[in-house]
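Order of writing sets the labels: A, B, C and D. Residues in every chain begin at 1.
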């Protein structure tokens, strides 16, 4: 693993943040959101801002753009200067002049950051119209040129496409083109790749690096993915609760973190080395899925439509106490498989045998009795709990459905709270009174309360930040050990899969491309697709938890660092 | 697109049929006897009976219904029981004023309400917002006829800018049309403006919180461009929807406004017909207004795709 | 309209929807009839029949009437008016009009003996024949072309051609909204001065447009603003608004005015009991009802004469009970005597006809004060119209009482006044089975000369006051308003547009 | 689901969007004032019979259309009845109509909407019928219904309710349809909850906030529609004073005695204003998303 190691001390300081304080509008005495931070970014430098969710990364970047939501947040002290121009006191029109021309920004969600009703070409060209006096044809030429530079294919067609007609990666390229078309001094990228799958992520990261190279732009890159940081950063700033914890050149930070918090952050990053497979609790199978097929839609009254074949001929088995991971890029059919097994959708074909019962063809009513054998934990901890129900009520719902008396269900719920390490009084609270990680633990407790034979976790940790993610993974591990449940774990994060799975099944466009023990598949992928996935994982050669390069012995792939 | 429109048009058939059955039954269950109004106060029961026979009002309900549906299918709307003139003809005379006033109302409302809503959303939770929204709620909370009287009092009686009442078709000159249509349109617009302004504001508020608005600002786009180019088009669909469904409200308003301003439109015709139990006229009118409503909402749905390229049929 | 044409825009009391003046008794249709049709004979302001299209001769025995058409009578399509047309028109009318039916009951023959002569032969003398065919309400015998008059009397005519002073403009007719009449250039007026429906109908304007305004206030404002020329009826309470407009004149065109009456249902308890009916009559008070309706005493007249106070047959004999104010004590005593058991009286109250809204409300209060239980049921006028035709008991959709209004000429004699008919089920709604009154009406028909007729009329008056066939609630006037440019308007119960002139403003 | 943005613009949003008023729950002063106004008006109306100086039905033909005086606080109407007494007592009936119409349409609409949102089979039939009802102009339907039953209090409420029901049904249905997709509903299915249980315990509470908003809207518009019905001669009898029929009776006197329209109109507008404002506040308070923001 090589880190960037260019020295920037002579380079021009593009952005200078001094003792910045940002607090809630009109409430100067409340605890500030940003509490006196300093930040310097120099020309050509890639400065990564990391830290847990809510630590103030986005707020800092918005402040630099002069885009703080005025009604909620305001600068309460300190200064932000862009080449000696003071941003905190700039007027609206001054700021407008500055944006795009001197300082540009790429946002996280390529889905929502583009205006869905305007053609993407126009959206890029708008920047030129606003800030230059190019003629329309020149502007268009310049736009097409820029689109070419970000490696968009078939630029003429894409120019007049609407955002929804583009893939996520293409949209993000449009965002980048838009941000860089006026060659700004500073580019702020707020989690620009988090929503993309690994392969696309890699392309975008390369693209940003390339553009930076070409234009000498200073980049403020915000992310919570340490892998990405390892890949691209020159300098890293770690933030926690609105304050700066530590700042260091990348190599220094990763090999020798000074602060406890930085260390926790790094330790929590799962590494890509698969853990040793565990012994099955018994040879019997809890789940046997064979030839599962799922086609969405199709039919139709006027036109017979094709339908989406979201899963084709998926077969696997899981033994008690073992975890099967399903990995694959977005849209490959992972959730479809999970929902078919849960019978939340009716599979088009195939058999699903859970705990000895064939459930693929059961009627809704018959199915109800078998529900207790299989439970699911969803990705989004906000939405998978009824916001109007107390935790206790959510936890008791399942057992009561199966005839457990309320009092007993309540008692059991209290025990479960202990199991997932939440205070007992949490039972009487509502979901919105918990953090994301706590909520996910409640959801897990709810599933476990049914004493299922199979626990399906569909991206159960993807929405959580690394440190919380680590806690939840530990919890799942613990539960599995204790109750010996079989687990179907769905993720797009290979690091997570490596940490938790005994076996891995790789899906691409609805089909299983590879299925085998985790060690085998991840360490020694046979299929190109799997290999691409692994290679695209950023920072894969670094063992964050141990501040060192990954033991090359376990890295038998032929990839070069 | 065409397939979609065709599908929608086909889907209106059951709706219109239900409307037809419903209206027919409702009317025949309603007390009142067109023969009696035809014959006047001094008619004797025997005379009434003979007239009822003539008008076919003594036939079994089912026969009456199928006769009517049969006529409808042949495009015959029947003949008014009272005036003995063809319903289609009456409809032709009366539709124009209502449609013209409605169009003018919608135009005025949209021109007024959309900017109002946009500005209120932009200046969310400031006094501008409060003022705009209070005005809209006020439009909601005063009965239409009171607004009509107030406007007449001010503009026709005190200021004498426009006539008190009446209607002139645009073909008789834009000036005369405009001067007579402006007050009724304004009267009707008060409800509509309220409706659209509130919807615009709500929809804009939602859109203004979207990421792409932040993107636009990050590009250094001017605020008016942000509002009208980036935000408004995205906010358009619910606004259009409310214009469509609010059309029903407009028709209710029309009934009253046409009385206050003495406009010979279909609203008044229908109320008169209901009060006189002129069945063929009521049936045709309600079918017609229901049809217009359905059509307007079809137009609205189709226009979605004009504003939002993601919507394709 | 072309330049120099004079057009009168008049707002009438209601929209014209029915164009057949024979099939309906609606006033607006009658008014329309007078515009485009002419009549054989017509009453003048003294209730005297006068020749209009025809002069007449009566045989000594009173059995043969010979009518001779005057010269120059043509229909709007250019065809001359002939005896045949007259006969057909009279026959169709005779099927619809109450008075007409009585005459045809005693008719031996009605024939056109030549182009200009019509002979009407009776089987027995019918004293009031001329006044019946000259009456201006409810259904006057308008003369139409034969082919039109041959339409069944239960079906509306579809061709609107008359020989009257105005021509109906079919193209500009919007039912219920606008009617346009044009001057009939070939109309030859009589030489006499116009008086009521009689005399020379000289038309001095080119067009008359009748329109309707559903909103009374709008109509007044439109008149003040000069957008219309004439308003047939003005609500008394709104007169102060017109005071502010010097260019507008408010006046009463028709000094006879209207009466408002209450009609009890004689078929069902409690009003099948004469004492209860008398109690109701005693409980009601003309003064307060009229005052509520009209406000200004100048526009109403306490009057107990069932044929009207200013008509030849009108007499207030025994009317003290209705004119002398409410007497709840007397009513209570009568109820006591009748053994009224507190059955609620279903009083139908229309909500959509302005001139009928007040009466039931005032009556309900007065009746309650006198010890009646009143169930005032609101409904639109159409529902009243249908329900009042129900003979079933109250519990099955029947009724006990409603109020309505008449023009005085419509109730001015025992033959036109349908409410004095006592023919049970065939009588007007309320169905009194009253042989006594029927005898008196027969006597009236045979009565020769005004004195004899008046004598019978007074007897009927006394009988009705005792039997309470209906309750006379008094007379009222409705003023009209016109721009001062409108001059020479004839005083008449029917608003007529001949004689009238319009100056340029 | 970017490809199907219609879902974002459901009837639910259209309707709730309608009722958004500026002063948010946080501001507080607007809703407080509204609540105060409403409570005052409601109390004044309910208690009216205790303090009004005259029987609101007592006619006195000698005292018609009197101007305001010590004797008659707000003057008298064309029947010589005391306007003040009528307006205060009229509030009772108007509010009753408003609340009655709101309760009935919400209850009926909720039941039908839940069924429609839940049983796919019933859905298309119910929705066709609801579409038809929506297509018939409400006011004409109301006139016809009133003509059918006579303009009693009950039939006016029914007449106002019938056209509102389809809107409520659409609202409830759309909430149910979108809430069905929530992971917590799927979780409940996975936990073996029966469909009726899910419908009532998980889905129905979601409809409450929009229904309260919608209910206030119906309440306000019912009071107005009642006035319009009276204007068209299809309102409740003058023996039952309501703001609507007081105004409708007074409309001819608009130029001579504006008080007949002004006073009931003022109370009516204040009421509707407050109801709308409170509805909006209620929505803010009931919306879990709002809570989330605070928490």
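Note that in this section a contact is a pair of C-beta atoms (placed from the backbone, for glycine too) under 8 Å apart; a residue touches a chain by one contact, two chains touch by 3 or more.
Going by UniProt, the chains are A = Peptide/nickel transport system ATP-binding protein; B, D = Peptide/nickel transport system permease protein.
Everything numeric in this text was worked out from a predicted model, so none of it was measured.
Engineer: If I rank B-D and B-C by number of C-beta contact pairs, which comes first?
Structural biologist: Counting C-beta pairs in contact for B-D and B-C gives the edge to B-D.
Engineer: If you average the CA atoms of subunit B and of subunit D, how many Å lie between those two points?
Structural biologist: Spacing between the chain centres: roughly 21 Å.
Engineer: Using CA atom averages as chain centres, what separation in Å is found between subunit B and subunit C?
Structural biologist: Comparing mean C-alpha positions, subunit C is 39 Å from subunit B.
Engineer: Averaging over Cα atoms per chain, report the distance between subunit A and subunit C in Å.
Structural biologist: 88
Engineer: If you average the CA atoms of subunit C and of subunit D, how many Å lie between those two points?
Structural biologist: The mean C-alpha positions of subunit C and subunit D differ by 45 Å.
Engineer: In subunit A, which residues are in touch with two or more of the other chains?
Structural biologist: Answer for subunit A, listing residues that touch two or more other chains: 116, 164.
Engineer: Hey, what residues on subunit C touch two or more of the other chains?
Structural biologist: Each of 217, 352, 379-380, 382-383 in subunit C touches at least two other chains.
Engineer: Which subunit B residues sit where two or more other chains touch them?
Structural biologist: Residue numbers touching two or more other chains: 31-32, 124-125, 149, 259, 275, 308, 310.
Engineer: With touch defined as at the top, which chains are paired up in contact here?
Structural biologist: A-B, A-D, B-C, B-D, C-D
Engineer: Write out the stretch or stretches of subunit B touching subunit D in their complex.
Structural biologist: 14-16, 18-19, 22-23, 26-27, 29-32, 120, 124-125, 129-130, 133-134, 137-138, 140-146, 149, 153, 195, 198-199, 201-203, 205, 237-238, 241-242, 245, 248-249, 251-252, 255-256, 259, 270-271, 274-275, 282, 285-286, 289-291, 293-294, 304, 308, 310-311
Engineer: Touching residues of subunit D toward subunit A in the complex: what are they?
Structural biologist: Those residues of subunit D that touch subunit A are 2-3, 5, 182-184, 186-195, 197, 202, 205-206, 288, 291-292, 295.
Engineer: Under the definition above, what is the set of subunit B residues touching subunit A in their complex?
Structural biologist: Against subunit A, the touching part of subunit B is residues 3, 7, 124-125, 210-212, 214-223, 225, 229-230, 233-234, 307-310.
Engineer: Show which residues of subunit B lie in contact with subunit C when the two form their complex.
Structural biologist: 31-33, 36-48, 50-51, 53-54, 80, 82-85, 90, 93-94, 149, 152, 156-157, 160, 163-166, 259-262, 264, 268-269, 272, 275-278
Engineer: Where on subunit C does subunit B make contact in their complex?
Structural biologist: These residues of subunit C touch subunit B: 15, 17-20, 23-26, 29, 96, 98, 138-139, 152, 154-156, 158, 173-178, 211-215, 217-219, 221-222, 224-225, 227, 352, 379-383, 385-387, 389, 404, 406, 410, 418, 425-426, 428-429.
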